[in-house]
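What follows is a set of structures for review.
Note that subunit A is present in both complexes that follow, paired respectively with subunit B and with subunit C.
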Partner chain A sequence: MNENLKHRIKARILKALHLVALFIAMAIICVPGLWIVLNSFRPTVEIMAKPPVWIPSELNLDNYRAMFGAVGEGGVPVVQYFTNSLIISVTSTVIAILVGMAGGYAFARYRFKGKAGIFIGLMLTRAVPGVSLSLPLFIVMAKTGLIDTHVGLILVYVALNVPFTIWLIDGFFRQVPIELAEAAEIDGCTRWQAFWKVEFPVARAGIASAGIFAFLTSWNEYALASQLTRSTFSKTMPVGLRDFTSEFTINWGGMCALAVLMIIPALILTFIVQKHLIAGLTFGGVKG
Partner chain B sequence: MAQVQLRSVVKKYGSLEVVHGIDLDIADNEFVVLVGPSGCGKSTTLRMIAGLEAISGGEIAIGERVVNDLPPRHRNISMVFQNYALYPHMTVRENLGFSLKIANRPQSEIDRAVEEAANILSLSDYMDRKPGALSGGQRQRVAMGRAIVRHPEVFLFDEPLSNLDAKLRTQMRTEIKKLHQKVQSTIVYVTHDQVEAMTLADRIVIMRDGHIEQVGTPLEVFENPVNTFVATFIGSPPMNLLPATITNGEVAIENGPSVALPSAFEGKVREGQAVILGFRADNLMPRGHSLPMEGQHAAFDMKVNLSEPLGTETLLFSSLAGREVQAKMLNPRPVSPGETLPFQLDLTRCHLFDAASEASLR
Partner chain C sequence: MSRLKPPAWFVLLLPAIIILAAVVLIPLLLSLYSSFTPYRLTRPDSLYRWIGFANYEKALTSIHFWTAFGRTVLLLTIALNLEMLMGLGLALLVNKVTWGQRTLRTIMMFPMMFSPILVGFQFKFIFNDNVGLVNNALQSLGLTDQAIPWLVDGKLAFFSILVAEMWSATSVFAILILAGLFAVPRDPIEAATVDGCTPWQTFRHITLPFIMPFIYIALAIRSLDVARAYDIVQIMTNGGPARRTELLWTLIGRTGYVDARMGYANAMGYISIFLAIFFTVYFFRKLNAARGELGMAS
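And now, the complex of A and B:
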């Protein structure tokens, strides 16, 4: 048998093993999500069955119908929760990105007193577990009357996200050569124009990815939101999931249905921004 | 009219002074090259002219205007950066037209100006590509195109060719020279490469450690370097320098032969003065392989350690008085290492520098 053939076979086998390993890894990652989607379409009996039923005998939209139905018949104010989540997540993300851009740019471009200290301080805030803040936050919010308001949660999420957006965006602005802004200034831009017309578009991909992270953090956050919201007026979708638990029973099907509604916008957003991420990552202007 | 004037210009970074009060007059349409070793303050000087660095002291004027505190956009200048600094998110066309767009010029005028620049620099074939899809030489041309679109009064170049390979560098050098003839503007060009400086400049400004050492035409600085630094920096191979003492009216090379005092230096040296004798390889040649030396010259034998044939001439590395000196051989024949040859030194082309100050005694 010739040697080339041996190597070819070896390469094929390795490739196959590679694909199998990838499949297993993806399956492990995806199964919980798929399980939720599956459960949202079938009755509780089948969900709770032991051993688990993998191939559903019947799929229907009962859980969704009930969820959008009247309160008291398994209905929950989904639209209101969705709106709350959207308002809170979008607003806090926009603010976190604006602050992150200002801060990240300052860290990337300017020298100032205490720069390293401030930066480390910001990063340290990430080391504090969010839940440990719940009681102090609750007290502060209660005193300021921000419990059960959009503003209250928006403030919390901005605070949670800003260190992270600053850190990410700082990294992206560092990759934008300083000469680009200088060239723009020589081409007639003010400092401000140079930023918006050159540095910002070039770092756009990074800023977008920081945006996704901030949005998903706010969109998915449960622990703090469950403390700081009370009523339909401000409850977000993760908190809304708890509406499906009553004293003695848990409506798993309904919970899964709401969870699916939560996942969809996040997925769509990621898909939209992903294109940006790849398209934007071309730093060809400076010698490559 | 766009002359550029620097008056005692100083640059400090905190307490560190990197440019020490330089004076320079650049005439309208002149091509001036700032040259010097890395870190001598060339870029800093250029960036102060551009308005990218604040001036710590002195005065800079472009045209008749003092521009000390004007931002770059009000100085009517263009700059080509070492790493090109093309806008990566814009096509070549957009890169070229950017400055006019910022100035809110009508689209028809922008198109016309971009087209003109593209023609001058042969960019027309890749106007719709992004910089990432261009080769180094093409990027270089786009960067130059972006600079000329606006018809600025002054062009500033900061080592624009240093990222190109040798062949392309020579080619672009010629293009820059041609460009200067076409666009008729004042150019301030920074490089650490003395060949680039010699070939491009109307006038060369040689800098060292934040000071200007000498300003002159390429020939002036080559023929009459004011000190040993300029003598070794300009010209390739660098000028040979040998310590010597004026003894009995002759130049006695340390541990070596004595040669007659070059007549140009008569009366300019005193007996016993410690000097440095400088001469270029072109003025030290083996007898029979040299230019005719009709004037004052000296003769001595030297052993050749190494020879580098260059085709029309051969570069010889020999030792004289325990130091390596480089000589040239015209109409070369093969030379074997260790061979001793009779050399002739053209004294009319020799230089004497004071040993202590290293300044020319001419």
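And now, the complex of A and C:
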């Protein structure tokens, strides 16, 4: 009886500790982001107030209004940046996924000479730091006239995402038992049909998660975009954030508003695909 | 009909190879060449003067280069290890939850949606000595009455950058390790429990070996990506004040774009590329070994 009670108390303490730890971890994850959201609704006076104002007395949409309204008069052309970002990220993600699916399938299902070498070679192209790549890329793009265009940035982002996409998709195809595809082929499917009807649906979730990673990478990339874009015609939002900084001051409120605008699409997308993502990641169970 | 056809794998890989050659390989060859010239953006003709290894010599004998190099390696080592441990902890915490796990997972992915440059600005704001969240909180709680210069003092700035970097990347580890935890088969764990293993033993000898490949995947992904720290550092301190947080990448960026000394910057760029390659190959080998243990290698 006593033993039993002790055990129960211990279990309960452990559970409480678990919840507390979880709460703290989640708070650390959330607070910096929520702070940005909060500040995007606050007037600059309150952000800069000393001593700090903890309970906001006034929340308004001024920062957003300024962001969307003041185009042309030295304001930040946010809508244009948003469109640029969207076009560039979506296009490059779609292309990267297609190229990555082909490549990942090749690595997962075919045996060939120098496979490990080619694979590492592909991965290493991703390891090149953006800064080191941006210098020569800047020269090449300037020579070919691709600088400050959507096409230029899309090409760069496809190249940036392909190695990683191949890798992720390779991993997911590997987890699809090869017997599945073989069974389909024995039943009279061509390899192509076997791929679309059997392997692709099974690995779809994995491909979706590769897509999220690719999208987020292009959506958020800064080091290369900051050098390869010059004007509002191709500037993406991460580069646009800099428009809120001037020599000595930073317009924190405006910047927070743009930051929120940047996060929302990423948030929505992740939310939609999350179901696939979780399903895809749990699919590893098949292998065990 | 049977003309010499390229093998299927080659056709499948061709698009990837072409795009990578065009966007990465050719520029890198150009940068390799220019690293042997005194190329300056302002003087295009300097691209055709061959000066051998002078740029590399200059970099390797420069004290600025070596401090930046050392600081980069230090930052990477500390950040990757701490992120891995915290990611593992977070994944275990979330894995134990039975109710509302989906919401937790969504929250967990939150930092991954933040652009590194945004993380940079965010933490620059948070660590701002005048209006920042940290100083405001410390002062309101009465823990200190002066503004702590988080981004001005060399050591504190390094710490702030580390916090920003960890905030943005820990969740990558957590998500991938969580995926690994889902993939752990139930049977051996149950068997171990029946056989009287303590939870720690079960974790150490069954769960951990199983999620090792996922940890290495996460480490390898991050090592491919660590240069993203450039965005964060560039925004938070840009290597300053007075080079006290200078990393290899900020040094390269400044030399290339501000001083316009492309040749010299490219030479240092190559050194940073080799550093990245070293990290990547290292984790990739570990990954293959871990996969081999599970029989997942091909």
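Note that in this section the second predicted complex is superposed on the first by the 264 of 288 C-alpha atoms of A that agree within 3 Å, B and C clash if a C-alpha of one lies under 4 Å from a C-alpha of the other, contacts with A are read in each partner's own complex, and residues count from 1 in each chain.
Assume contacts are C-beta pairs under 8 Å (C-beta built on N, C-alpha and C of every residue); 3 or more make two chains touch, one makes a residue touch a chain.
These figures come from a predicted structure and were not determined experimentally.
In the superposition on chain A, A:252 contacts subunit C only, with no contact to subunit B.
In the superposed model, A:177 makes contact with subunit B only, not with subunit C. For subunit A, the partner with contacts to more residues, out of subunit B and subunit C, is C. By the document's definition of touching, of the two partners only subunit B reaches A:187; subunit C does not.
Once the two complexes are laid over each other on the shared chain, residue contacts for A:114 go to neither subunit B nor subunit C. The contact surfaces that subunit B and subunit C form on subunit A in the two complexes overlap at residues 282, 284-285, 287-288. Here subunit A touches subunit B in the complex through residues 177, 179-180, 182-191, 193, 197-198, 201-202, 204, 280, 282-288, going by the rule given at the top. By the touch criterion stated above, subunit C contacts subunit A in their complex at residues 7-10, 12-13, 15-17, 19-20, 22-28, 30-31, 34, 89-90, 93-94, 96-97, 102, 104-118, 121-123, 125-126, 130-131, 133, 136, 139-140, 167, 171, 175, 178-180, 182-185, 210, 217, 220-221, 223-224, 227-228, 230-231, 234, 248-249, 252-253, 256-257, 262, 265-266, 269-270, 272-273, 276-277, 279-281, 284, 288, 296, 298. Those residues of subunit A that touch subunit C in the shared complex are 18, 21-22, 25-26, 28-33, 35-36, 39, 47-52, 54, 98-100, 102-103, 105-108, 110-112, 116, 118, 120, 122-133, 135-137, 139-140, 155-156, 158-160, 162-164, 166, 171, 174, 216, 219-223, 227, 237-238, 241, 250, 252, 255, 259, 262-263, 266-267, 270-271, 274, 278, 281-282, 284-285, 287-288.
On the subunit B side of its complex with subunit A, the touching residues are 50-52, 71-73, 77-79, 81, 83-89, 98-99, 102-103, 130-134, 136, 139, 146, 150, 163.
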